[in-house]
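Each structure below appears as structure tokens.
One chain, chain A, links the two complexes that follow: it is found with chain B in the first and with chain C in the second.
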Partner chain A sequence: MSENENTRKNIDFAEKPLCLSGRGVTKVFGLGDKKTVAVDHVDFDFHEGEFVSIVGESGSGKTTLSKMLLGLLNQSEGQILFQGKPRDISSGHKKKEYWKGIQAIFQDPFSSFNTFQKVDAVLLDCINMRGGKGLSKQEKFDMMTEACNFVNLKFAELTNKYPFELSGGQMQRLMIARIFLLKPKILLADEPTSMVDACSRATILDMLLNLRDETGMTVIFITHDIGLAYYISDTIYIMEHGKFVEYGKADEVILEPKAPYTKRLISDVPKIHEEWDLSTVDLLNSN
Partner chain B sequence: MLNTIKQVFHSPKFVVGFAIFVAILLTMIIYPLFCPGNPLEQIGVGTFAAPGTYVSLYDATKSPTETLRLPDAADNRIEASLSKEDRVEMVEWFGAMGISVEGLDIEDTDAMVDLWNANYDPSVRPAGMTSAKINYYKRLDNSIKELNASDTVIIADYDEEGNLVTTKTIADTDYVNTKEIANVKTLPLGTDNFGRDVLKELVSATGTSIKIGLIAGIVATVIGLTLGLLAGYLGGITDDIIMFVTNIFTVIPSFVLLILITYSLGQEQRGAAVVAIVIGFTSWTWTARSVRSQVISLRNRDHVNLSKLSGHSLVRIVLLDILPYIASYVVMAFILQVSSGILAEAQLSLLGLGPKTTQVPTLGLMMNWAMLYSAHTNGSWWAYFPVILVITLISFSLNLMNTGLDQVFNPTLRD
Partner chain C sequence: MGKPMLEVRNLKTKYVTRFHEDVYAVDGVSFTIEEGKSLGIAGESGCGKSTLALSMMGYYFPPLHYMSGDIIIDGKNISGMDPDTVRKTILGSEIAYIPQAAMNALNPTQKIIKFVTDVMRAHDPKKDKNEIREMAEARFSELGLPKETLQKHAVELSGGMKQRTVIAVSTILNPKVLIADEPSSALDVTSQKMVIKMMRELMEKGYIKSMLFITHELPLLYNVTDDIMVMYAGQIVEKGTAKEMVFDPVHPYSHGLMGSILVPEEGTRGQKLGAIPGAPPNLKKPPDGCRFAERCKYACADCRYTSIPEKPFGEGRMYRCLKSVEELKEVYENE
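Showing the complex of A and B:
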């Protein structure tokens, strides 16, 4: 892990090309009295290869923002730029193109799979999406095996199985294997570890970091756990009531928090996490 | 999938319902193979012949006879020809003559006849009795005496000169083997008002009614499913428009709508298929509403989002990512639609708004005919009761299957 910490410290992502950015992005639900502003004029810049965390409590607008980033929801106002250009998802075809560049892992692995389709179908879909339709059976099999190896799964054991025959951790790793096959520019991970046990959590985070290092993709990690965010991110955005109240390099945001909300979030971290975090801080200080 | 089917066939309710339904279907298929012919053929001239075996009297008189001396033949004969009304009248005579009838069983033919023979005197005129009644008793006495005397029946024919000549005498000990008689017809359920074989008609009507139910069920399910999927998945203005139409159809009682549509179609336009489609067209709202609500809860599921991100088309997402999740529900709704389609046809036909009467019998039409010709008031139970029983059995079996499926797919309902 310390290797990652070093990577985080040494690279200045502001110099890297922009991958995804937003200007005044807003999402309003409902009308009149029932109007709810879920995301309120947020600006952000995510760079290539950056590991960004968006931290906030439930209802702060994280998931709405992630759906807008994915193009599953349209923003009410503002502009989202993909690789420096305003993104165009006005037609089905353009959306398809956009989704080759951005992919997601969702919170609940149990509901992420269509329980009526076999595991193979999920992975084959990814190969087809990357233009691998014409490949031979053996080539496809090799690709799927490689992807499964990357996430420490054995494809031979998974083939012909239904998703519900796997454990939660296995399912979530399979989701990462899917990303490995798709190799998008941006991966949006919406609390991918909140539904799996602590042991699987460390493995999954490790895999996400490896994936970033190997393919250079931008990872947008959405979480309510500020300790976890600090542990893995280069940059942290703190979200409160649909606004970014503070953002910057992970060290700056966590070690010298300015916004009261950030301070509160940090103080809310349970003891066991505090000890874990402090040890990391000490380790960092000694470096 | 295979496991689900196995599970379904482990549900006792489903199995019982399925067995009844299959038995009805098999009867529908097999019976016409053994008894072919047009179910609407009028074989009888009179109305409502009772169930039983009919022997051709014409053929019977010409068949070779055997002499059998059966000890109870005479008693049976008297018993069969003394109607209940006659017996009651006999008791009335005894009363008028002041004869004690205490301990006399009206069903005991021997005792009745003995008491009658011992006491009846044609010269006695009880006070206050009309002469019509007195004559009736004379006729009754004659017929009782006739039954007691072992007479013969004479068959006569005209000879060349126009005189009646006895050609054959039939003694009361003459018997004919039914196998020797050229024409014997068993009508297990008798005939209806038009003189049609009710059983043959019933089997054919069951088939037609199930077809009507299936067509109505398919039409209702297809319309309801399509609209429900579109409204639920697309949401927004599409949802609003579809739900507006659905709500309009929901608040108008569908049976009234059904009556109005079938009435305005006119008798000539109403084939069985047309009636089925009209029934289906008025009963889809329930399916549409429930499918929509299921789809709304499904459309924001992660696997649907993931399918979108994988670039799948709307049709593919709806068919592969949403439909399988509500398939069990749709199957159950379909079964109920079939059942209610059959009932709706019966209701419509009973009102005289069913399919036109000249082509095919349906269960509803059979009830309609029985009602129009007062089968229920003249005691011809065979014309309507078997029809009611079949409708009940079909409905019962389909609902039982539905409950069984519900318990399999909805574990909280298991007992």
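Showing the complex of A and C:
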């Protein structure tokens, strides 16, 4: 417990080198009257080894931002810098290069895998992608076993299984094993625990923290659960209607929130040591 | 002690797979909900929470099969009834159910008023159209939903609105028991709060007499229900009031589960989360002894072979473990 606490509280990430940053990043969908600004001129700096959470309600633009960070969508305006240099994803080949540095875990583990690929093929792909094509069979096997051990899965039981034969929690852990093999600079986790129960959630969160400590990667964690963000992250960005309304160290943002939106988000979460105030809810004036 | 609204006695149900194997999903569950009370069920995925909800409605369709036990709603035993009779006489008027995917429960081609009409006419085929509309409008505005909602299609509503509409429609006949199966899991915190407030209002205004709330979000259960029951591998492992269960869990499984609570309160950051390693047992062949023994830190050889009955203790509490309450508490303190 104490070990974890130290690594999570005493580091000042502002001094670390920048990993991913954005200036005036904007995404506009549609044209003319039907224009929707999903992400509105946001600036951010994610440092090496930092655990960042982006918190917001449904429709606040979290997922659009994450797609832009991954390079799946192009920004309408602004610039995204990867390791200090403007990133170039103009061609398919360059995109593949970029994805060696950034990888993602998605919300729905059931649709994250190719149904026709067995578990060992999934992991072998990762080894090959990291330039391990020339390794011997035994070396590859050892690497896969190590990755599975890291996420508490037994590789011997998994070979020859298809992803759909695993439970949701196991699949999500296999995703983490993939990341462990790929060792990207940045991991983007888009609500990875929203479809698993509280028990597996604890396991997955602990694994993400271990992964960060072991490989020193930057983790960008996207969630709507502010309690979870507080537990896991070093820095929290609060997003409302496409803008960051507040950001800072986890303790500052959660314990002394300044923006009214952050205050509301925190008060809306059911707690166990404080009274949950239902009287603030206005059922009639909601959409 | 209030009048019991829902009583379940030693309920056993099973699934039969394609290969004719039996999966005992609900195995000897008993509990009572009194009038005006709410009960929460917590447990991990696959422990039988949703199957228990389906079984309680008496709505058995293959692969789900009824084995034994009684389900008594306000003095009326509905166990073993024909599913068609259940649909016509019980569902909606005695017991209402909000499914897990309530957001997708609305047919996109029909207006909301059509669902209300359907529910009302299923129980009273001659009901007048205008009468139904007036009643629906009154109920919707009382629950804080604008009455224009009735003339809208499901696609025009947001997720939280859809969920609240489903709740309003399914409780329109004033059921005695409302079963809510993860009604707020897919919503963000603000919409979740609205759904909960609406369910509270339904209880306070007496439209529903009792409620069974299923979720794996423990802080939510603590704030919503009077009592909490923890389920593991088809059995109830512990039962108590919400406060007792969150601050003083006895069974090792509930203890582990309560350790995984995440709330944005001071002191939760950096705290060790109580993850329970391993996976639940295969319910095709449930173990003879304690079902949690394989994953339990405190298990001994006896746990694996002795079948464990429900042990009452304290004021109306119950747990299912070989060790005594004092022994368990001592172990937790020494950790």
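Quick note on the criterion: the second predicted complex is superposed on the first by the 267 of 287 C-alpha atoms of A that agree within 3 Å, B and C clash if a C-alpha of one lies under 4 Å from a C-alpha of the other, contacts with A are read in each partner's own complex, and residues count from 1 in each chain.
By definition in this document, a residue touches a chain if its C-beta (ideal position, glycine included) is under 8 Å from a C-beta of that chain, and two chains touch if they have at least 3 such contacts.
Since the structure is predicted, the reported quantities are computational estimates derived from the model, not experimental observations.
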Which of chain B and chain C A:Glu240 touches, first, second, both or neither: neither
Which superposed partner A:Phe113 touches (first chain B, second chain C, both, neither): first
Touching partner for A:Ser167 - first (chain B), second (chain C), both, neither: second
Partner chain in contact with A:Asp225 - chain B first, chain C second, else both or neither: second
Chain B versus chain C as contact partner of A:Cys126, first or second or both or neither: first
Partner contacting more residues of chain A (chain B vs chain C): C
Touching partner for A:Glu191 - first (chain B), second (chain C), both, neither: neither
Doubly contacted chain A residues - partners chain C and chain B: none
Touching residues (chain side chain A, partner chain C) in the complex: 1, 4-5, 8-9, 57-58, 152, 167-169, 196-203, 205-206, 224-231, 250-251, 254-255, 264-266, 268-274, 276, 278, 281, 283-284, 286-287
Chain B-touching residues of chain A, taken from the complex the two chains share: 67, 70, 72, 92, 95-96, 99-100, 103-104, 106-108, 111-117, 125-126, 129
Contact set on chain C toward chain A in their complex: 44-46, 143-146, 158-161, 164, 187-194, 196-198, 200, 216-220, 222-224, 246, 256-257, 259-266, 268-277, 279
Chain B - residues contacting chain A, complex: 301-303, 305-311, 313-314, 320-321, 324-325
